[in-house]
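Below is a structure I'd like to ask you about.
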C-alpha cells in the first residue's frame, strides 16, 4: 500500500517533468517554416531529455516492481532522485537555447551524473532492505550499464574543455545503451 | 500491476498536456469584452486540441482495458505516443496565435499524423503480445477509422499549399468521425 | 476498473487546474510588504476559485463513489466538465488582475454557469445508466443546491450591468451554500 | 476507496507544487558558468522548499496510511492544507529572487506557519474520527516536533525585524529536525 503511493507520487513528478520541458519550445511569432529553425536545437535537446526521463521511468518502474518493503529511507532516496530529475528541464533548456555550447553541455552531464548517483543510492537502500538473495538482487546482477554510465558522464563533462561534440555524442551513446532492451532483466522481472 | 502504473503515468501526462494548453490563453490587460476578440482563434484551437486529446485518452483507455501483458516494447511504444502528443500544445499555440495560417495548419496536421502513426505502432506491439484471437484483436477488427485518419491528415497537410480552409475543415471532420460513438466496440470492450 | 482510470485522470486534471492558478501570483521585484498590495485581489480571486474547484472535486468524488457503470457517454460528459473547469484559471486571472471589474466578473459567472450545466449533464448521463432506484438517485434527491446555483449565476451575470459588487457577493454566497456540509447526502454515500 | 482518491488527488497536487517551483530557475541567456551565479540563492530556496514539501508528503503519507474513515470534514481539512502548500512556490520565488531579504523571509515563515496549522487541523479531524485509542493516536503520541515547529516559525518571523540570518537558520533547523528519522513512529506505522 505504501509502495503504491510512492509509485503514484513518482509517476506524477515524472509526468510533470517530462511535460513542462515542452514549455521551452516557445511559439514563434511569424508563420513561415523558417521561423521554426531556431527551435531545432531546443527540439533535439527535448528529444534527448525525453528519452532519458523515459529510461529513468522505465528502470524505476522495473526496480519498484519487485520491491516489497518501503522504509522512510526509501522514500527519501526516491525524493532525492526526483530532485535531480526535476532539474533536467532547466539544464535541457540552457543547452538547447545555446545550441549545445560547452558549458551548458557540461552542466547537463553533471545533472545526469547526479541523477545516476541518486538512482544508485536508491538501489542500495532498496537492496539493503531486501537482502542479497532477493529477486531484485538477482535481476540487477553486476549492473554493467549502471556502473558504466557515470564513468561516461564524467568523460563527457571533462571533454567539454577541449571539444563541444564529444559530450553530445556520449549522451546519445549512453541513451542508446539503455534503450537496447536487456532481455535477461525483463525475463526475470516481468511476470508474463 | 505493471499495466496500472503505465496507465497512471499516461493519465498524468494526458492530464498535464490537456491542461497546459490553456496557458496559451494569456489574460488580456484591458477589461472590456472586445479585448477577448484576439483570443477567439486561440480558444477554438484549444477546443479542437482538447477534443483530439480526449479522443486519444478515450481510445488509449479502451485499448489498455483489455491488455494483459505489458512488455518493455509496450512501455516504449507508449512513451513514443506520449512524445508526439506532448507537442500538441506547441502546434496548437502556433496555429491559434496565427489565426489558422497555412504553415501552422500544416504543422498541426504533421503532428496529428505522427501521433496517429505512434498510436498504430502501440496497437501493433500490443496485438503482437496478445495474438490474433484475443478480445482486443476482435474489438479492433478492420479499424476503418484508424486507417482513414492518417490519409485524411496527409490530404489536409497537402491542401495547405492551395487553400487555408480545407485543412481546418478536415481536422474538424476527423474529430467528428471519432466522436460518433462506435457502439460495436463499446459492447465488446466494456463490461457492464 | 474503467471507473478508476476516469477518476485518476480527473484527479490529475483537478490537481493541475487548482495548482496552475497560483502561477498568476507573479513574484514582485521589490522586497517590501507594500509590493504585495497589487496581488491582494489576485490572491482573493485565487482563494475563491480554489474553493469552487474544491467543491467540484468533492462533489465529483461523491458522485463517482456510487457509480458502477462507465459508458462512453460518461467519459465524454466528464471531459466536457473538465473542459469548462480548465478555463477557470483564465477567468480567475482576468478577474483578479482587474480588481473585480464588471466584464471579467460577468465572464467568471458565465464560466461557473457552463461548469454547472456540464456537471448537471454528467449527473444525467450517470443517472440514466443507473436507474431511478439507484443509491445515487436517492442521494441526489431533489438536488436543491444544484438547481439553485445556475439561477444565482445568471442573476450575478446580469447584475454586472448595474453594479460591480452584487456578482462578487453572489459567487461567495454560492460557495458558502456548497461548503455547508450536507449531512444527509454524506450519510447516504459514505460507508463508515 | 474514498481514501485512495483523496491520496491520489493530494499526490497530484504535491507532485505539481514540487515541480513548478523549478520554473523559477529561469534559463540564463549567456553560456558561461558565471551566468548561473544569480541563480544560486534561487537554487537554495528551491532545495529548502523541496525538502519541506518532501517532509509534508512523507508525513501526509504516514498519517493517511492508518486512516480508515474519510469524512467530508477530512476532505476539506486536506484541501485547506494543500491550499497553503500551493503558495510555497510563490514565497520561495520571492525569497530566492531577493537573496533572502527580511520581508520575503518573514512571509516564507508565515506560509510555513499556516501550513503547520493546517496540518495540525487535519490531524485533529482525523483523530476525532478515529478515537484516542487508535493506532494513529498512539503513533502521533505527544507529537513534540509538530508542537515545536510553529513556535520556531514564529520566532523566525519575529527575528526578521532585527536580523536577516536567524530566520533562514531556523528554517534549515526545522527541516533537519523533521529529516532525522523518527524510528519509533516508523515502527508503529509501517507494516514490515
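Just a few scattered comments:
For reference, chains read A, B, C and D in written order, and residue numbers begin at 1 within each chain.
Convention: a residue touches a chain if its C-beta (ideal position, glycine included) is under 8 Å from a C-beta of that chain, and two chains touch if they have at least 3 such contacts.
A quick note: this is a predicted structure, and the numbers were derived from the prediction, not measured.
Counting the residue numbers used at the interface between chain A and chain B, under half appear in both copies, so the two copies meet with largely different residues.
For chain B, the chain whose average C-alpha position is most distant is D. Averaging C-alpha coordinates per chain places the centre of chain A 37 Å away from that of chain C. The distance from the centre of chain B to the centre of chain C, each centre being the mean of the chain's C-alpha atoms, comes to 26 Å.
Within chain A, residues 8, 12, 15-16, 20, 23 each touch two or more of the remaining chains.
Every residue of chain D that touches chain A in the complex is listed here, in rising order: 7-8, 11-12, 14-16, 18-20, 22-23, 25, 27-29, 31-33, 36, 47, 50, 54, 57-58, 61, 65, 179, 181, 186, 190-192. Taken in their complex, chain A has these residues touching chain D: 1-2, 5-6, 8-9, 12-13, 15-17, 20, 23-24, 69-73, 75-76, 79, 82-83, 86-87, 89-90, 93-94, 97-98, 101-104, 107.
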